[in-house]
């Protein structure tokens, strides 16, 4: 199935919760409501026509100028060999999105990483801690307005 | 003989056989030391290939002071200061390369518009006791304007901080932290 | 050696003994198996068949307690820095440190733009020899070790400084 | 040694108690010094040899810078280890931590005593020599556990536990397989055992060739012996990739050196037992030594004995640098499911053989047949 | 206050441990030798590569991709170049494509050699590790010849490759291709089919196909689970669709499909295949440019792409958002080892400590790529 058909299937199933279809990205992306992400993901995984068996990647993006945060889920299917990106737009000041850990267990670490670097909170996540940076690190370094710290523990950064 | 006991002996035989196969491989090396591949470094030095990216050098006399190298350097290892001389030509008065920070990627050499101006030598043995020695200074240093001394250049290195004293006995307390680690 | 250290006058006998002690220290530099990043691979290759650090009497030990030399091979991040300090503290003196590669020297590629990398391992532990390169060739590392050996030979153990 | 003194100064048993005790003490001190220096020299060269053998097998050179051909490597290592700071971890159990290495070393060193290096060169001729060695070297497992527990380090503790389990288990196949050999000369005295193996061109009356069961017993013994001295593929107590450095993780400097030397000492001991019990000890192959002058014969015997030992040690090193290591449960499986039952049946077989052929070996039987 | 469960012992493995392949830290709950839970702690090598990418221009970032997975720098260079080229929409000259494939496959061999070697040294056999590095040196020489560095190549650039190959490179590569296959046989004799090695790895840490997909495991680890998924075939980039090579899939030769031995063996098979690909590429060589025309100041058109390539460790993906300037707006690196490692807690319930080492080794993770 190509991306257009996937989008149509989705918009039929989840009427009103799919916001937008962006065809010029590679792979084509579907912008969805943040509340619906778990339903959509489990639908995408279960449906035999789609069968997105694995989550390839999950990335956070800081759109500082628009006051938004993006979470982008790259999904792929081994059987049907198609790919799609799901996008969720979040409020930059209070980014919250439900976790998809239950759908793909592999999402666990990706979500922790997005939390670590962007401060995006994944609701109902089983173990939301910093993953790359030390636990006592301050700030969300991948945000565009991040100021580099001057000192860490007993030495200069 | 039951199937089970057959497996018992077969497994044993297979194991012994595979062990001896492995021993056969190693004894081949063990008895013929001529197969060694060691290059005895200080005596035998393999000449690096022509493209080897060793220490960076500048032919400062043909440098046009275009600063292309300093701009492309992803780690700011090149500190370059230029002034215009009486002929309105740019002269590099300060050209420092911090070999301790250089990542030997070769981007600067490719960016340099003058042939054989900035180039890698095949030199790689220049370890030192201090970090300052690793900075190579190429700048012309002749300063037409005496109001800009060489010490003015931004020091790329902060002074090394004093760590714990050398040969300091480590007993007792230092292990507390180790204990917490459980290691 | 604690009793005699730095106490004896300088004469031929003690200087010779000193030389012998230094010779034994330099000939048996057991390095710690401590590698973080790219340089670690070159460190392994230096210990492997073609360059064979064992020729110099240098073998690797897994535990800091039995090592004399810490070759900081690779990037040290702030998260790792405390561990490096601890490992250094766990080594019995006399102990030596070689900073191998640009990352350990100054932070190297991550000097400018990284918030997470320690800019030079000499900020947390004393370094004896800096080996430049990114990563240094195994030959360069061996040269660094030989330079350290020279330095060890110059040191005085028993004789007054 | 006592016999030697007797020869020199007459029968000391007839002298006054004072002199007798003095001589005893002197003898003990001198012989200890001789054995200790021999053991240390051997251990130094063994470490050097290990590195050279590893070098050969791995297509590299090994130590060659320190002294001619790197021969002084072990001197440098030893002196350096002496100079190292002596760290006793803060939370260690200090007494256990301190004495464990000495006990390990003493146990391995004490096993050098009853060995018979030649017809007349030996320290003490015990009539229970084999038993004594087995008994003394079992102390090692206790001392290793002491050190491991004393270090108060989890990796050390794992190493110590593994070592004890392993050494205690493998003692059983070792003793069973040794029994299969011992019932042929029916003596525990090293010298008797060696003398039993004389004749037959100095090679065919070796116990290993006595009957098929002794041949098998040797392989069982050798496998179990490698486990007994904690070497690859059975080096799980100090498995570098799993337990950092196992039971000696926390040891520095000279204390570590004692552990290290004890390992090589143990290698010598198990090889010496194998050489004595299976390979005719100091019996010189193919040469009839009776006609030689005494000093030449003795020297040759010592050389032959040491050669046999070193060949076995080389095999151990060769195995070490070839094989991967077993997991701890697989190690136990090998011991209890394979080696112990087989050794047991082997012992029965050997006993039956002795009963059937009245203690005669294959060589005796065949030569008797051909003479007729 | 936290409740301490006294049945279990907390054990901290790493960040400095001989077999964690870098600075991985594993917090292990054990009951004796049996592991009940493993929590990996990563980030000890987090160098903020993604942040650096946002602050550097596109060509400037290429050297940093070398340091992503330094065992396969060429492949990382390649994936990054492919990503930027996708946005730039430029045609790569044929010669550059062939060169890229040769370099990527040679690097795959050298990376798998380390995987092979480090697993063997984790299993306690040190010699195969050195043999692996011995062959790797040969490839390092080839790379030094072509681009002047042994490990961090910075050779595959946006638009092509940095330099054309020097004289003699083809001959030397052919020499390597003749030299290499007999060595694979040696590895198999020495290690792959060794009974101890099989016993250590077969049926250990079986990854079922469903789990593999759920956790996003890719590369040889996925193929070992029986799923024939190789991006070189599924989404052919460069000229992989013209090349003839097999994709080895785990068959459970020694145990179950997807066990540690299968994962190990995938790499041996893939080395053979890569050698085959290089040989084909050499025959296909043709004259031409080594790099396409790329402007000196590179402005990449605005857009979003996710491009992935088959690295030795799995799928390396770059998600690039460009805003039309000279610097990336966001560059997300999807590292294969990151996903491969995340399955470790799932795999390691009820295994033994020694198995844990086997699991980490057989997954062949590399830390700089995980931590970025």
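Per-chain numbering from 1; labels A, B, C, D and E assigned in written order.
The rule is simple: a contact is a pair of C-beta atoms (placed from the backbone, for glycine too) under 8 Å apart; a residue touches a chain by one contact, two chains touch by 3 or more.
Since the structure is predicted, the reported quantities are computational estimates derived from the model, not experimental observations.
Traced through touching neighbours, the fewest hops from chain A to chain E number 1. Of all the chains, the one whose CA centre sits at the greatest distance from that of chain C is A.
The largest tally of C-beta contacts between two chains is found for B-C. Placing every chain at the mean of its C-alpha atoms, the farthest one from chain B is found to be D. Separating the CA-averaged centres of chain C and chain D is a span of 37 Å. Between the Cα centres of chain A and chain D there is a gap of 64 Å. Measuring from the averaged C-alpha position of chain B to that of chain E gives a distance of 23 Å.
Rounded to whole angstrom units, the spacing between the C-alpha centres of chain A and chain B is 38. Looking at chain D, residues 54-55, 57-61, 64, 85, 87, 154, 240, 244, 321-323 sit in touch with two or more other chains. Looking at chain E, one finds that residues 11, 17-18, 43, 46, 48, 51, 56, 63-64, 66, 127, 130-131, 134, 137, 152, 190-191, 194, 196 touch two or more other chains. Residue positions of chain A touching 2 or more other chains, listed in rising order: 133-134, 141, 155-156. Residues of chain D touching chain B in their complex: 53, 55-61, 64, 85, 87-91, 152-155, 244, 318-319, 321-323, 338. In the complex of the two chains, the chain C residues touching chain E come out as 32-38, 40-42, 44-45, 48-50, 62, 64, 74-75, 77, 79-80, 83, 87, 109-110, 112-117, 134-135, 137. Chain C meets chain A in the complex at residues 78-79, 81-82, 115-116, 118-119, 123-124.
Residues 10-12, 56, 59-64, 66, 127, 134, 137, 141, 144-149, 152, 154, 162-163, 166, 186, 189-191, 193-196 of chain E are the ones touching chain B in the complex. Per the touch definition, chain B reaches chain E in the complex via residues 11, 14-15, 18-19, 21-22, 24-26, 37, 48-53, 72, 74, 103-107, 110, 120, 181-183.
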